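One structure below.
Order of writing sets the labels: A, B, C and D. Residues in every chain begin at 1.
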Amino acid sequence: MTNTSPVHIPAVDAPDQPDVTPALKDLYRGFEQELLVPLWTEIGDLMPAHPRSRAVPHLWRWQRLRRLAAEAGDLVPVGRGGERRAIALANPGLGGRPFATPTLWAAIQYLMPGEDAPEHRHAQHAFRFVVEGKGVWTVVGGDPVPMRRGDFLPQAGWNWHAHHNATAEPMAWIDGLDIPFQYVTESQFFEFGRDEIGETERTTPERSRSERLWGHPGLRPLSVGAVAPGSPLLAYKWEFTDRALADQLAMEAEKYGGTVEPGHAAVRYTNPHNGADVLPTIRAEIHRIVRGAETAPVRETGSSVYQVFDGSGTVTVGDTTWSVTRGDLFVVPSWVPFSVKSEAGDTDSDSGALDLFRFSDSPVFEALQLDRTDK
Amino acid sequence: MTNTSPVHIPAVDAPDQPDVTPALKDLYRGFEQELLVPLWTEIGDLMPAHPRSRAVPHLWRWQRLRRLAAEAGDLVPVGRGGERRAIALANPGLGGRPFATPTLWAAIQYLMPGEDAPEHRHAQHAFRFVVEGKGVWTVVGGDPVPMRRGDFLPQAGWNWHAHHNATAEPMAWIDGLDIPFQYVTESQFFEFGRDEIGETERTTPERSRSERLWGHPGLRPLSVGAVAPGSPLLAYKWEFTDRALADQLAMEAEKYGGTVEPGHAAVRYTNPHNGADVLPTIRAEIHRIVRGAETAPVRETGSSVYQVFDGSGTVTVGDTTWSVTRGDLFVVPSWVPFSVKSEAGDTDSDSGALDLFRFSDSPVFEALQLDRTDK
Amino acid sequence: MTNTSPVHIPAVDAPDQPDVTPALKDLYRGFEQELLVPLWTEIGDLMPAHPRSRAVPHLWRWQRLRRLAAEAGDLVPVGRGGERRAIALANPGLGGRPFATPTLWAAIQYLMPGEDAPEHRHAQHAFRFVVEGKGVWTVVGGDPVPMRRGDFLPQAGWNWHAHHNATAEPMAWIDGLDIPFQYVTESQFFEFGRDEIGETERTTPERSRSERLWGHPGLRPLSVGAVAPGSPLLAYKWEFTDRALADQLAMEAEKYGGTVEPGHAAVRYTNPHNGADVLPTIRAEIHRIVRGAETAPVRETGSSVYQVFDGSGTVTVGDTTWSVTRGDLFVVPSWVPFSVKSEAGDTDSDSGALDLFRFSDSPVFEALQLDRTDK
Amino acid sequence: MTNTSPVHIPAVDAPDQPDVTPALKDLYRGFEQELLVPLWTEIGDLMPAHPRSRAVPHLWRWQRLRRLAAEAGDLVPVGRGGERRAIALANPGLGGRPFATPTLWAAIQYLMPGEDAPEHRHAQHAFRFVVEGKGVWTVVGGDPVPMRRGDFLPQAGWNWHAHHNATAEPMAWIDGLDIPFQYVTESQFFEFGRDEIGETERTTPERSRSERLWGHPGLRPLSVGAVAPGSPLLAYKWEFTDRALADQLAMEAEKYGGTVEPGHAAVRYTNPHNGADVLPTIRAEIHRIVRGAETAPVRETGSSVYQVFDGSGTVTVGDTTWSVTRGDLFVVPSWVPFSVKSEAGDTDSDSGALDLFRFSDSPVFEALQLDRTDK
């Protein structure tokens, strides 16, 4: 991504460039000495006709991630300093950095039986999504939030949080953050919390207090005054998500619409306080594509990371097509067309649909009026 | 409220008034001829130190309302023109008009077995709240929405709607609208719809399509684009409201707060699309006060209508105190202090709390930056 | 406006009413005893097909207002209690109340040489508009704001303010407030201030401090933090308004648009802090119609008061047409079509256009999503 | 900025790292093969306690920029393809890219007598600021906007624009854009316009049409309906900015406040349509520090570029202090403390103040609730 060539002299045959005379060469050298770069040699890279992402479409297989994470479980302790046993996707187009896309971080996190990840807080907005397993509670501001397959846990910036595994099984899940975005915009803050959470926080309730306050459809608790950035609801349980998707497909079957396109149901996780995206910089959605259905290609400014939650099918990102199955993660860079086809099952299985979890940086673009979609 | 005195000559001993000389009398007569009124004779009425409502605190007993509505069921047909068998509370301070408060309409509506109320739409924002019974479906834009004890159905202005009683029992419920507000601001529009709803709209589903799309906590259906004013969720079922209130009280019992004040849980119905009040001009809430608990007096700009949903207790509005029980309706005028005490039960009954449904015109004041609260 | 008939028995030939049998008569009497009113007898009045204003179009001649105000100057002192020598327009349709429209107050205020009107503040949003003269300073929170022909001075609720006439001439101007709206919604608060303003507040600067901070186009002072409701700019000088209107007409002459319709330039006074209407409940505009031009009829929800600032012409409000000239005030009720024709001058006078100052309650309707326009 | 080390094995003595056993080495190699990077080796870089900018404070001297730009005027033609004779500041901490800060582009643009820069449009938000000279008109959507010393011209994304020099003198000015931000977020779009602007667009009016419509304080033209992102006012003339700053200092002298701190006046350019920042991603301000005054150090998330518009003084950015004078440009990276001291003049010169033009990426942080300030 960086251009370390000491002098920006375009190739002689570069389009639309002046002839490189000795005088011009001197000028370019003068630019270099003064730490200047001309627009006319860079404009093609900086101002393309449409986004041409440095990130590339890429697929990570869950089985391999899972295996490496388990090995890390054996070899790498979790504790203060390293903070989390999280292993991040590094997009091959982004120079070896742990950036799934230019703005998004996606990692598998792994916690061994009985382990704790210590409390801290950071400006980065984060979430967890659970593709398999259960048994970990994320303790947010002292509120233990259970994590189980299908649950989505947003975690807006600057909230204290720790994790603890209350069971005898290891557990893996996905962390999503805006680490690359904040790395580039340089807005990060970080603070260590307590090394150990309190005994009362080691309880393992079925529902967090945030769910008991905010998890009732369309009902706002009057006891809550000002609300900090991001959703006050700390868990979106799979039970509700699944029902919402099933309801849309049932309505479609009854000829009442409800779906995005035929066979394609979708919900967005939103902040119940204001209906906005669940995090200021991250959008999160679940898409269900019924067996045999196929989505129309869409391209959008901004990038997405997808994880297959259930089912299997074929995914096309630009010129690349993959077969995907549960847990697989892949990246859709900015302005690259994306479509998906759910596998046509040979049985009439009830749960045969392809369920895709998606997160993206769309709220950034919408807040700054830079969003564009092409369908 | 009106002042029909032909000449505005203040009494000789009115405070701060100039002596009424013959010349001044002539001036006042000149004002009258030119349709003019001086501020100095009216300022005490127009610009009081704080709101002094023309409305008065008043209580309507549900049993009497219910009985009169049943008689109307026998005597008055429902049909095009009269439109609804609705009987409105007329605040004794408001000159005989069917206005519960200066801005709010509250009526009991009654539908006989098998009856339909014809389709229409109006600019007025409306809702239904069900204190007893079941069996009517309100058909909104073709979507049949069931109504049962505890359900709240918002109905933003300009949506087509009809009611039909699908059972062999009559049913009564409460309609709330901003009819007086729109009467004064003169923003009313009204249109007749079909005389008969279609056969497919006579179905009696357990859940409306709006609930299937929007009734999942924090989940927004991606198939819905632009959203009209008011909540797209057309029913807030009692099951969820009750659980939300119980959750707050359980949290309080665990010393985790959650309530407005000790023994006082409360939720506001909100628009899942944007978290705002459920209707542009009307706020709606449910308050639960546990047995023996008492709320601190509060006064606010704007007026409220309350209905006792369950339990019994003592209500104080300004200088007036009433014992109230299920179904009773009462009015709290602007800036009049309000408090409530739940009856201390002799048994440890589970469901002994006092549940109050409240609606108010608060969104008007907040939108115009005229809200003020004194606790 | 009120209905004081003790029993609401509709006339026998009222449309869509049940036959008034003895049993029904008893029912109606029961309603009356319980302070109830049926919808079916009132629906035509309460829920018309479109707004049918109780207010009527009416015109007040400036010369007569001016003369009566001058007489009041001789007879009625200004001081604590009466507060202001203000004489309000009383729409003949509104029962003798000093309400120009159901929501708006319009009054001529008059201050004799050397007189002060004492300091107070109120929740009502207010403005002054000056059709002639100069010499009074309105002191807002200690900031003396000069008033001269063409100046518009908004005054959001709860700001301390006094007036003082610093010259040897009397001065008259127009006050506009939302007194009727707040009278109906019952959100009024009022507080007396100092009886005498301080010596430093009796200075007579050319520009107020608010203008020095906020009166530069598109430039926000960084020293100002949170901003209260309503515009922080306390005067909109005629010099700028006049130039803005002239600029639009010049652009039209150059074929670059800029006007609302041919020969019709218009600007709205806005809050420089957020671009919104200058007051939360009141919109204010100036319209310039060039000699001989005519506007297309428009009708809108909500009511307006107009004052002719300059020129003369013919105004049509519903079925009524008046010839109007400088200073004349008239009312356009809700949903009544309005158009205006500027007098075709026989000379090519530079300033021959018809300039109309308008204020309305539109922000109320827009904030509550009740606005509708028909052009 | 990039990390091209093929295997992310932390140094043996890195803090908080597990011992690098052969097994761990194998694990790290497995990560590398699967395009994975662990958090625990990167957390110090990715999640610092506070922003530690890769950009460094740096100063560019206007005289040198000006000289090199003039040489480019002789050697490099302006035309389709290269588009602009713009030469950008390249922060030495950002790997040779033409990025003044991680999010902001700043360049000197230079146009020879009679030259045109061809029409194009792009998603990037842009502005021009003129530190010296005059004679160029920027043609925006066909509207010729004059440019003269002190003028600020915002240019929201996706507006067609060209420049033409209507005089016999060359002219230089500063372009600011969010090119680096959009480069990273990958939201760029670009389109060529006409190669030649029309004859009527070569006129050289004193004021643009946008100024005639929108350049009147607090006055909104009613002819304009929906407004695109960014300010509709295309030029903020120095005359108004200068007066606003002088007004604040005069108020301070009269003991009425008005300034940010003693001797420090400041205005922000805002969108007259909504009072927001002038561009969705860029804030722009002018600060005036009177002779001998000094500002308190401030640090903020996000980066700024400053240009000295007038006067001279001493600037401190973190540990670096420079003497600066007219035209000099410098960079303040995220969270680096900044303060400035105006030169104490030996004369009582009227115009001796230090005027600083500043632009920053603050709107990005505020829109995403990531802003933080420490004073």
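By definition in this document, a contact is a pair of C-beta atoms (placed from the backbone, for glycine too) under 8 Å apart; a residue touches a chain by one contact, two chains touch by 3 or more.
Chain identities (UniProt): A, B, C, D = Cupin domain-containing protein.
Source: prediction; values computed, not measured.
Participant: Between chain A and chain B, tell me the centre distance in angstrom, where each centre is the average of that chain's C-alpha atoms.
Facilitator: A distance of 43 Å separates the two centres.
Participant: Can you check how far apart chain A and chain D are, centre to centre, with Cα atoms defining each centre and the answer in Å?
Facilitator: 30
Participant: Please tell me the distance, in whole Å, between the geometric centres of chain B and chain D computed from their C-alpha atoms.
Facilitator: 53
Participant: Identify all positions of chain D at which a residue touches two or more other chains, and write them in rising order.
Facilitator: There are none in chain D.
Participant: If each protein chain is taken as a node and each touching pair as an edge, is the resulting graph a line, ring, star, complete or other?
Facilitator: Contact map by chain: ring.
Participant: Can you list every touching chain pair?
Facilitator: A-B, A-D, B-C, C-D
Participant: Show me the residue ranges of chain C that touch chain B in the complex, using the header's touch definition.
Facilitator: Where chain C meets chain B, its residues are 1-6, 8, 15-18, 21, 23-24, 27, 30-31, 34-40, 42-43, 46-55, 58, 60, 64-65, 68, 71-72, 75-77, 79-92, 94-98, 102-103, 107, 122-124, 157, 179, 181-191, 229-230, 280-281, 301-303, 333-335, 361, 363-365, 367-372.
Participant: Going by the contact rule set out above, which residues of chain B touch chain A in the complex?
Facilitator: 209, 212-223, 231, 233, 236, 240-241, 243-244, 247-248, 250-251, 256-260, 265-275, 278, 285
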